[in-house]
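I have a structure here, written as structure tokens, and I will follow up with some questions on it.
By letter and in written order, the chains are A, B, C and D; residue numbering begins at 1 in each of them.
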């Protein structure tokens, strides 16, 4: 029924996450995309930016105008580069538009931490206060009532979902966590850079931003909050991102020392119990692979014990569960729809 | 012996063909790279541009200076973008440096054809007259005596070597030639462009420049010359380039109608005879694949008859036999070395 | 409503096309998979064969038993190797089950041609007579009334859809058609072979079955039938399949000589008109790429004129529009559902 | 000079490591391959098994016969599956042939450890006693005098070379070592398996043999020996192998807790000093990538400090420095040639 359908805008329509959003929203029964904006302006249609969407989305792009968005949409998904959201979010919120921001701008609760890691002061502390961290598996209730969602990073979601049950149960030594993460290249975005050329990435495996990747404080912040019920000690992870020669997928291999002896089955049971109401978490017995969750909103995870260390292996699709998919999952909760609408 | 070693310069050191040149020259017993120039200037060492060369080439890059090159090198390999060679070549030649130009600037004998296809008048008609087309399998003698080599394009070498025996023997209808060519992405160069990003090329197959790729007139020109002994009619090919999701290699599938009935073995024998003195041509019975010639200077070719049509299947490595390797092969002929020196 | 839902079986559940079928049927509102059979027997669940389906299909595999299938399903999709369908199809049809056969066993109308190309006599001439070739864009009406569908091959669909408008309009010389086709590796199936190992296919481009691929007679047969209204001459194509280093997608570059002068726009208009009622054909102005139709049921096509030759460039996803997707499209027509149900 | 050239056999000629051996030996000035054996017997030439070698190696394959090998070769490189070497090695050594064994059969000094990890008793304890572990960077002297070399595994070489300087200097807590290793698919060999099909590996990242990969005891054994000068405690690593969608290369990210505060430069200096006489170790300031050492015999390594943890990042080509290249490096030492002969 038409009155059940929510009009939404995609602000920043040219990137890969935006393309995934369009793809998902095209089959969503409760959303209709009425506005698409891009800096390239109105010369383009969405299908010119993303030819794969031809026949699925018929919409002209336009330059961003907060009034125009507010007139024609109740929700806006923001696929903007970091810091650009800081201007757009307040403008939209003043006009009553609910916002799901895929950038990092509202994820770090402490403006100083944001300034330290992003090299830019945070100019919307008010928005920051109200922003809900959009990880439905942890914050389903808050998400449902939110007007501004800070949609989490792809490495971050993988890492947090893989560690939250262990931290919440106070099962691991908090200063022993190593996250060795591998990402497909689409996570690096669509702006041409020498490092993401085909001939640089293909047949190549590399690490980058070792010890200083911006998802680190995000992981620390959320896991520390998750674990606060049991122990005030902060979680401080060693996080190493790598680039693998593939489009999609994040694979995280996570190592931590348990506080006391624990069995593999016990850990798997803990995960199953922790995520029993989360339709997109698959706790598997076998080893997950990125291809099994590619193009889906699933997060796959398992656990092993190796020489006294807990080893967690976890995967998701960085553009879906790590970006556009979880954004729609948040949207579903916010409009009271089935959490999985559009995501099968 | 030191007095047998020739000092060479690599002008335009930052691209993929230049990297291959360095790699090959590092093990060449008759060449020593004494100069490397790049527009980025002298801040970089060659190993900073190409980390794979660390421990193989120890050389600082410098801005291009014709006098400096002439003082320290007898030969220059030019890895410059098209039109940039038009300035560098005369400057070096005036100073007595022999030049092997990997750009397209001296390949087309008719300046008007050059202007038509490259959108830029040819400003060195004198050089153009003296330039020898550097395809040793056809012009071994001329190459040996040349002072300026127009090193052929990668699609061009593949297409010409695959068709020359047929055209020379006047075996095919000249207006029925279709060249369906597939290239690895390194052929598109190292300058960042949206179309050569990993996430655009990976898991993708596409055509480009259909009917208007600049290698077309080059193929026409050389094949028409090759066939002139038998028939004055020009060869005019239909040439379609494609991009395949791989780094290296060109695969050409070529279709032509024979002038009269001919057998597969006859064609293979013709090829073997035509190339009997060419150490880098492998006429094979089975079907060639790009991987079999990758990282080598070999050109692999076979022939089939399908419903009365001749089908030629041919492969080479676009960066080696299609660029840096054939450049060194030309160099070897020019200095009187073994044609295969450095190329095993 | 439950009485609108059709129970279906997937016979031969372990291959890639079967996996795609499950993926599509999982979100189909008019189908419910009630039976999955595989030679491995009942030890496995569908999610063990295809871990990506975990949480989407909960079904145990069982050995094939025609009675069991007939009891629990009204339709069967067959993902069996060639010749295996010859036994299963009659058994199911005798029991009133409608069949969509993804193998080649019912595609060639002349049993002798089948025997010649598949090396095996056709043992179900009766079924052969009744089988409808499942290309909805050409045979929408017949498909709707069929009880047995011969689902077309992936190369075949690409080639036929790309040529049918030209042949139907009698626009091309029928003995000048060259189809240069490139396929992703999933088309070679899931049975381990040396030639489809990762390290053989990756960074490699090759041709295979040159002049003798089994999709050739299928293309000839359908195009000859399509063109019969205007000219009795058979269409006999030169067809060359290639393997590209990617999972999915077929790209066909097709060359033909027009019977008379014709413009590019005229050809594109012809295509648009021919396919005006086909929701999955996208006639595009730009050049199609395999990635734009990957994971969709779209067939993308455009045309160019090059030196008097018509060049058609066409793409589809071999596992979707080239196999499981068109199978569901046929199913939709057979049950009177929206042609696109489950395929968005 | 001919009398300086050593005749060598390649026993087990069909695999990828054997292909690399042929490629390297073809340009080696001190070796001549006179025998190639394969189980397929004498029907094949080496170029039939490896078409890339056409024109580089002209040799017929023959079934293995110890007498024939001993008559025609002084050295044998063994590219056999594990346990097969246990029969071939004694047979060759009895006949005076020096052996470089690329299998795992002579790597583990304790026959019980071998039996535990390979599920097969060790049947040549005498050979085991004399075998020298062929890691020239650690055992250059022993290698030079050896008659039987246990050529190390690819993961093993990467891990040991990355950790040996730290263990030798007693810089790290021995029970905190985590090795997160990523390998190209060629490491899995050339025998067709479902798990190494192109469509399974491409666009996929996975872990395997978590906590039970057979290279684990090899790493423990050598590092424990390396560290014995300072501390008797065994090194027991947590080792996790992963499969990355690429042909070649191993990337190891290694985490360890230092025994006392140490600076990044200090660690890099330690590495440079430790490997100052090793021509194939490149201690780099930047981050290594697998592509930079692909097709070379280099081992690239760097170090970082992250939140008090030492992080080592190391790469090599699994088929060259991880197999065939180091085998030739060992051979060079054994015949008194330049350590780098054939390996540039």
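The definition used in the following text is that a residue touches a chain if its C-beta (ideal position, glycine included) is under 8 Å from a C-beta of that chain, and two chains touch if they have at least 3 such contacts.
Bear in mind that the values here come from a model prediction, so they are computed numbers and not experimental data.
Engineer: What is the chain whose Cα centroid lies farthest from the Cα centroid of chain B?
Structural biologist: Computed centres place A farthest from chain B.
Engineer: Considering C-D alongside B-C, which chain pair is linked by more C-beta pairs in contact?
Structural biologist: Answer to which pair has more contacts is B-C.
Engineer: List the centre-to-centre spacing of chain C and chain D in whole Å, with centres computed as mean CA coordinates.
Structural biologist: For chain C versus chain D, the centre distance works out to 46 Å.
Engineer: How far is the middle of chain B from the middle of chain D, if each middle is the mean of its Cα atoms, in Å?
Structural biologist: Centre-to-centre distance between chain B and chain D: 37 Å.
Engineer: How many angstrom lie between the CA centroids of chain B and chain C, rounded to a whole number?
Structural biologist: 40
Engineer: Going by the touch rule set out above, which residues of chain D reach two or more other chains?
Structural biologist: Residues 184, 200, 202-203, 245-247, 288-289, 291, 294 of chain D each touch two or more of the other chains.
Engineer: Over in the complex, which chain B residues touch chain A? Could you list them?
Structural biologist: 16, 184-186, 190, 192-194, 196-203, 245-247
Engineer: For chain B, which residues count as touching chain D in their complex?
Structural biologist: Those in contact with chain D are residues 26-27, 51-52, 54-56, 202-203, 279, 282, 284, 286, 288-289, 291-296, 298, 344.
Engineer: Can you list the residues on chain D that touch chain A in the complex?
Structural biologist: Checking each residue of chain D against chain A gives 178, 180, 182, 184, 200, 202-208, 210-211, 236, 238, 240, 242, 244-249, 251, 253, 255, 287-291, 294, 304-307, 309, 311, 313, 315.
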